[in-house]
Amino acid sequence: MENVLSILFCLSLFYVSISSRVKGYVTVLQLQGLLLSVIIVIPFIYDFSIFGIILPVTLLVVKVFLIPKYIKKIILDLDIKRMIEPTIQQFTFLLLVIVSMVVIFVVSNILSQRTELNVIPFASGFSAIVIGIYIIMFRKKLIVHVAGFLILENGIFLFGTAVASELPMMIELGILLDVFVVVFLMGIALNNISSTLKGFDVTALGRLKD
Amino acid sequence: MNGLLNSGNVLFIAAFVIQLSALIPVAFIRSERKFFLTSNIILLIGLVIGLISTLSSSLFSSSQLINDTLLFDNWIRLDGLGLFFLFIIQLVAIPTTIFNFSYLQHYIDQERPIKSFVISYTVLLVSTQFIVIANQAILFLVSWEVMSMSAYLGMILEREKEEVHKGSFYYLVASHVIVFVIYIFFFLLHHQTNSWFLSDYHVSLTLRNTLPILFILSFIGFGIKAGFMPFHFWLPQAHPIAPTVLSAFLSGVIIKTGIYGILRTFQFLNPIPEWCGWVVLVISILSAIFGVWYALAQHDIKRLLAYHSVENIGIIGIGIGIGFIGSANKIPALEVLGFGGALLHTLNHAIFKSLLFLGSGVISNNLGTRNIELMGGIVHRAKYLAIFFLIGSVAISGIPPFNGFVSEFIIYNGFFQAAKELKNYYPFIMLIFVVGLAFVGGLAVACFTKINSIIFLGTERKEIKHFHTSVYDYISLGILSLLCIAIGFYPRIFIGIVNKVIGSGFVSADSSALIGMNWLSLTLIFSAILLSAVVLYFVKVKIQKKYGRRTSATWGCGYENITPRMQYTASSFADELNIIPKTILVYHKKVEISKGAFPKQTAFESHSQDFVDNKIVLPLYGFLKKIISKIEFLSQTDIRYYIGFILIIITVYGIIAFLWK
Amino acid sequence: MFEFFIFILLPLISSIFCYYIRNLRVQYSVSLGVSILHLVLSLSVFLGYYHADLPFFFSVDSLSKFFLLILSNVYFWVVLVSFSYLKRPVTSKAQEGKKYYFLLLNFYLTANSAAMLSNHFGMYWVAAEATTLSVAPLIFYYRNEEALEAMWKYLFLVSVGIAFAFIGILFLTLSAKGSLLEGKQLFFWEFIKNAKELNPIWLKASFIFIFAGLSTKIGIAPMHSGDIDATSNAPSPVAALMSGSLRLTSLIGVLRILQIIRPTSSYEFAKIILIIGGLLSLFVAFVFMFKVNNYKRMLAYSSVEHLGLITLGIGVGGLAFVGAMYHAIYNSITKVVLFLTAGNIHSRYKSREVSNVTSALRTMPITGWLFLLSFFAISGIPPFGIFFSEIKIFEGLLFSDKPVILFASMFFLLFIFINMGKIIFTMLYKKGENDQLEAGTERFEFIHLSVILLLILLTVIAVISPDVIYQNIINVTKDFGMNL
Amino acid sequence: MEIEILQGIISLLIILGFSPLFAGLINKLKAVLTGRIGAPVWQPYYDLKRLFKKETINATVSSFVSRISPVINFVTVAVAATMLPIGFWKPLISFNGDIILFAYILGLARFIQILAAMDIGSSFEGMGAAREATFALFAEPIFFFTLGSVAFISGLSSIYDIYYSIQLNNISYIVFIVICSISAFLLAVTECSRMPVDDPNTHLELTMIHEVMILDNSGIDLFLYQYSGYIKLFIYAILEISFFYPFSAQSYLVGVMIFVIGSFILALTLATVETITSRFKMKNIPQYLLFATAIGILNLLIYTFTK
């Protein structure tokens, strides 16, 4: 069951790497949030505990509703252009993504022989991390960078579930909170950047140099 | 605290306490003048007490020298070498401090804040004294660094001047390099003996394998401080720009701490292999020759004197080299003569170099320039200044009957000794060195006749408004000149002291080569010269009374109105000598030959730059800078690259991990 | 429970308090009180007068109490001078930056203390992220383009970095698979206790990720850029805080994972990685000192250099490790001094460009001399502390198995010194063609006093070198299983 | 002991007494060689007498330096003279290392004389002083390569002992000594400013070295300068002659004879050289001196490595 969801997750990654719209990113974020919360919920289907359900719920709330809504709001407020401004061709980017994904899957498969771990979520989480980095590296728009960062975070989350780390709940919550605040601060920063620097992309940030 | 409370130590401690307490007034005296007067007086008292305590120590008393007097659980050691250098420091510090009274007045008149200078000067004196008595490596390093830094802080008194900024920076960098080298030196010693105490370090047998490294390190580290030739380049930059008092102290004492270090190193490494001796000898003779030759090419009086320090350090080094060779071949006579000459010359140079620097300070303060081409005829303004300066010059040129000759005499004898003791090809090599030394003497004569005559004699090349000299100047200069004369005329005492110092841990077996020399005849000859000269002078005066004596204008070959500018200049005086090694001196001259029946105004000027500085150090730095400017990939301003770097570095680390055995 | 309250809850409470009470003076006095309490308690914990046992994810060991003391010391001084700093005139936009200043400062204290005291990787991660969140708005204090850009870069880079650190932590759990740690909580001590069972591959991986991730916060090259931008554009007290304590907060994470990796076979590997990191940072500082023309950036690079040196010392281990620990204290204090004096210069000349600052020693004598002295302090000149720690590090390096590291680092340090000196002396001495500022008109301010006190403190600690510090450092080295 | 002191005093008096005669002798011989009758041999004494009686004129700009300079010049030269052996007599001053004292005492004379020259403030004197300084510098090595090399080989450092040690028995040593004496001769020529280095009785200031330095002196000052000049010349003559004393043969008569004959021969040689050569260009003089040094080095090398 997890594996299926992870596959879906990977597909979302493919989608994100070809989509040339900012909107696309947001939807992908929502989708991933949904997937993640489902993945966490799964254990609770068998033995339900009201206490254990808090985390998935908050996850759902944060990742599916709050953050995407917030990003949408920023996009509307600053009326950022719809197109993401890639610095390399989408095709090349996709190629890169595919190659690295394949590598990651193979490597994690090899590693899984040493220590038992369920490959699919592990690999897909990891590739999400890498692709998040790629998105940051090969896109110009700052808002897209934020999206990339979030994808990275999602990747880590999936990854975490894959390696079955039982972090205590309040720490998990803390992590979520942190992520949320980061995004929030980034939003504020974006607002300021658009107002003071008149631009939404990295080219506006070139002042600090030696 | 063994033996802490005998009278000598009490004095000793009191001296330091008082000297340090010269800092206290800064807290509550606002007025610059009052502050510096009080603190200077306190400092002077402290120094005098210090000198007394040093003189009352066993080195100067007739009793046997107690070799290791360790105080404060071994952190302080008063052994022969330390006491001797302590003596030198205090001896020079007293006149310079007296000189302060008149010198700093100039700055107060210019309303320049001098608090910082006074403070750093005090700290400098104290820390310098600590260097030579410190028996603990860390204490040594700390006082070493404090000395360098306080000297720097004193140096920047006139910091807004470009040259001061530049020169002091040279000094700072040099001392930073030194300290890095010395770190390694002491670390090695510590590692070998695992003790931080200098008194434990003469464990030569265990150090044999690292001995060459230790020697090289110490010779580079302390050699930079002392200003041996390849490492001298900071010295002529730093010493001229410092306030006179400080440059006197720097040239007189602080560069000697380098010598102190080298001698200590010898004590650690004794017996030392012979090649060390040769290395020192060759480098020293080069320093001596080219130091004085550079000096000859200078027009800036203080810069000239700074280069003379290089020369004299070279002479000291020659002595040390002879001593090394002696100890390598187990010839006590040679050791005694070598080290004796070196130590005595250290003392002498401290005296006459500070004398000359102080004198030059008086002049440059009055004339507002350090360029000797603009001076002249000062003898008619300040006769005694001229006399003192003359004494200093004669002494530094190593000419009898003053102290410079005595130490060079010992070194010469060292060469003779070496030639006698070590047969086959030694005489030849030694003779080469002797000739080198003689050559140095000749150059020194040329150089000091030049500055004496250009500065003091003849007529004023530039109109002097008023020439003010204060009594303090004369006191300090007088003390130093007296010392020059005393050592020159009656070297016996000082020879005794030096011999005692060498007796404590330098020679393999004691020898009377130094004491046994015919010092009495020197004394007799010198006094005979003096006496007969005086007599003859009065006779001459009488005769002149008889047959008449008058003054008239200089004979100008029939040319009537001679102007001061027609006098011989320093450049032309030195030119014939400077053109010989002009590549090394980086000696340029600009001559305009007048042509035609009605010649126009013509000009002649000559400049010399430092070879090491302008042809080696600066180009290297520029080269490095050029390479660095090529490295662009790190200076990215784009966040995407930052992120990229993380990925890259993780991959790199991953690869390392993958390849890790 | 009481110390938990003082260390972590009280700052939190006071930050909430600062949110509601908008009067600066009140905020100041409250935060000062908090900081004093914090300092006193951490000092007494350090001296062993007070035995601390913290609840759930927190605990005190010799390392954490050592770093906690450094933190609260730096924090105290920064808060002390903050008020007089805030009184300085700023642009109208920056006015509302003042509102949140103390709030964020208190939150910063909370987060940092939590991070230092945490004994659980998860907790540590949360706290460390929180420190970023607390400091990012402080960087934005001046509300101008540079500050904004700096904040964005810092926030983004560090968030990504810390995400990587989290991956590292996950790897750590992964490495516990199959050992008796499987399914246990991520408590440090348990991992340290039976580190031998851990799977080396994943352990290495986790070390790499945690080190590389936290490097963004420590400022280890080549992830230093965000730090440089942030430190150079933040208001001086904040910059001091970042250089003095925040970097150490992240360093402690690296130390923890090192502590775990130490008994295993991968220790040598970890050392190599640390050494590479340290040398790289030294190299970067060396390179940029040639180019830098903004004196706050210069100071930032200097803290990159010194953190690099500390990392190097830790990597080499032995005596160098002890030196590095000392270096942590001295560097933190010296950095505070440097940044405060630099802040004075900045507020006088209204520029961070070196070329605009001329004859500072004449126009502002007190600050000028203090700046000069603190430059000496940072470049390892006695009697200031760094000299003593540096010679320890150097000796450690010399007698490590790779003495060449020493020569490399000495080379770098020398040229860093030369170029820093060039810049600083130009600022202090050089006659500017447009010296509109008149000479010597500088009042003796509160900041000067505190700077002097700090310098004295620095010297006194170094010269007396209290045995308790030495003992504590020895205990730390014992925890790291080194015997000197 | 007393007798030694007496002998020393006597030899000093001899030097002081006969040095003008030696100069006169040279001039006479020179005149004869150039086919003139020339001034009588006693002419220098007459000159000195004349100068002694003349009024002294000092330059207005001159200072105490030019007052004391002649005195010190004379005294130092005299002291240098007391270190030299006449006949087989031990000189008054003779101790280990007096060879160095000898060189440096003359250095003192030079120092003060250069200063005195510059004291006048005229560019002629300046030029002379500069030349003096330069050439003296290059003359220094010659001295050490001649007398010094003998000293270093014999391991002695007192002039008297050095000469005493010379044993003209084995051939290589004879060669060595002869060459030494040659470079000693060159040294004497330089130091006493004779041809071909300097022309003692030229009349164009620009070509002088030594003479131009005392241009503005007169009366007793000039007397002292001249006199010390004569003594200096004689000193170097003795340095030269003493190479050929058979010190082993302890007969006083022989000594005197050799001394007289030697000085005569030397005077003759000097005169001949002065007649047949002309003065060098100023800029060639350093080469000439270096050449003399080179002889010394070569000589010593050969001797050191062919034993």
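Should a chain be cited, it is by its letter among A, B, C and D, assigned in written order, with residues numbered from 1 in that chain.
The rule we apply is simple: a residue touches a chain if its C-beta (ideal position, glycine included) is under 8 Å from a C-beta of that chain, and two chains touch if they have at least 3 such contacts.
Predicted model only: the values in this text are computed from it and were never measured.
The minimum number of touch steps separating subunit A from subunit C is 1. In terms of C-beta pairs in contact, the better-connected of the chain pairs B-C and B-D is B-D.
Each chain gets a centre from the mean of its Cα atoms; for subunit B and subunit C, those two points are 44 Å apart. The distance from the centre of subunit A to the centre of subunit D, each centre being the mean of the chain's C-alpha atoms, comes to 102 Å. Look at where the CA atoms of subunit C average out and do the same for subunit D: the two points lie 79 Å apart. Centre-to-centre separation of subunit B and subunit D, using mean CA positions: 36 Å. Within subunit B, contacts with two or more other chains are made by residues 635, 639, 643, 646.
The set of subunit C residues touching two or more other chains comprises 152-153, 156, 160, 288, 291. Chains that are in contact with each other form these pairs: A-B, A-C, B-C, B-D. Interface residues of subunit A, counted against subunit B in their complex, comprise 133, 136-138, 145, 202, 205-210. Of all residues in subunit C, those touching subunit A in their complex are 57, 120, 122-123, 125-126, 129-130, 132-133, 136-137, 140, 143-146, 148-153, 155-156, 159-160, 163, 166-167, 169-171, 173-175, 177-178, 183, 185-186, 199, 201-202, 228-229, 232-233, 288, 291-294, 297.
In the complex of the two chains, the subunit C residues touching subunit B come out as 152-153, 156-157, 160-161, 164, 204-205, 208-209, 211-213, 215-216, 221-223, 225-226, 266, 269, 272-273, 276, 284, 287-288, 290-291, 359, 361-362, 365, 369, 372, 376, 379, 381-383, 387-388, 391, 394-395, 398-399, 406, 410, 413-415, 417-418, 421-422, 425-426, 428-431, 440. Per the touch definition, subunit D reaches subunit B in the complex via residues 52-65, 67-68, 70-72, 74-76, 78-79, 93, 95-97, 100-101, 103-105, 107-108, 110-111, 114-115, 117-127, 129-131, 133-134, 136-138, 140-141, 143-145, 148-149, 151-153, 155, 157, 205, 215-216, 219-221, 224, 286, 293, 300-301, 304-305. Those residues of subunit B whose C-beta lies close enough to touch subunit A in the complex are 635, 637-640, 643-644, 646-647.
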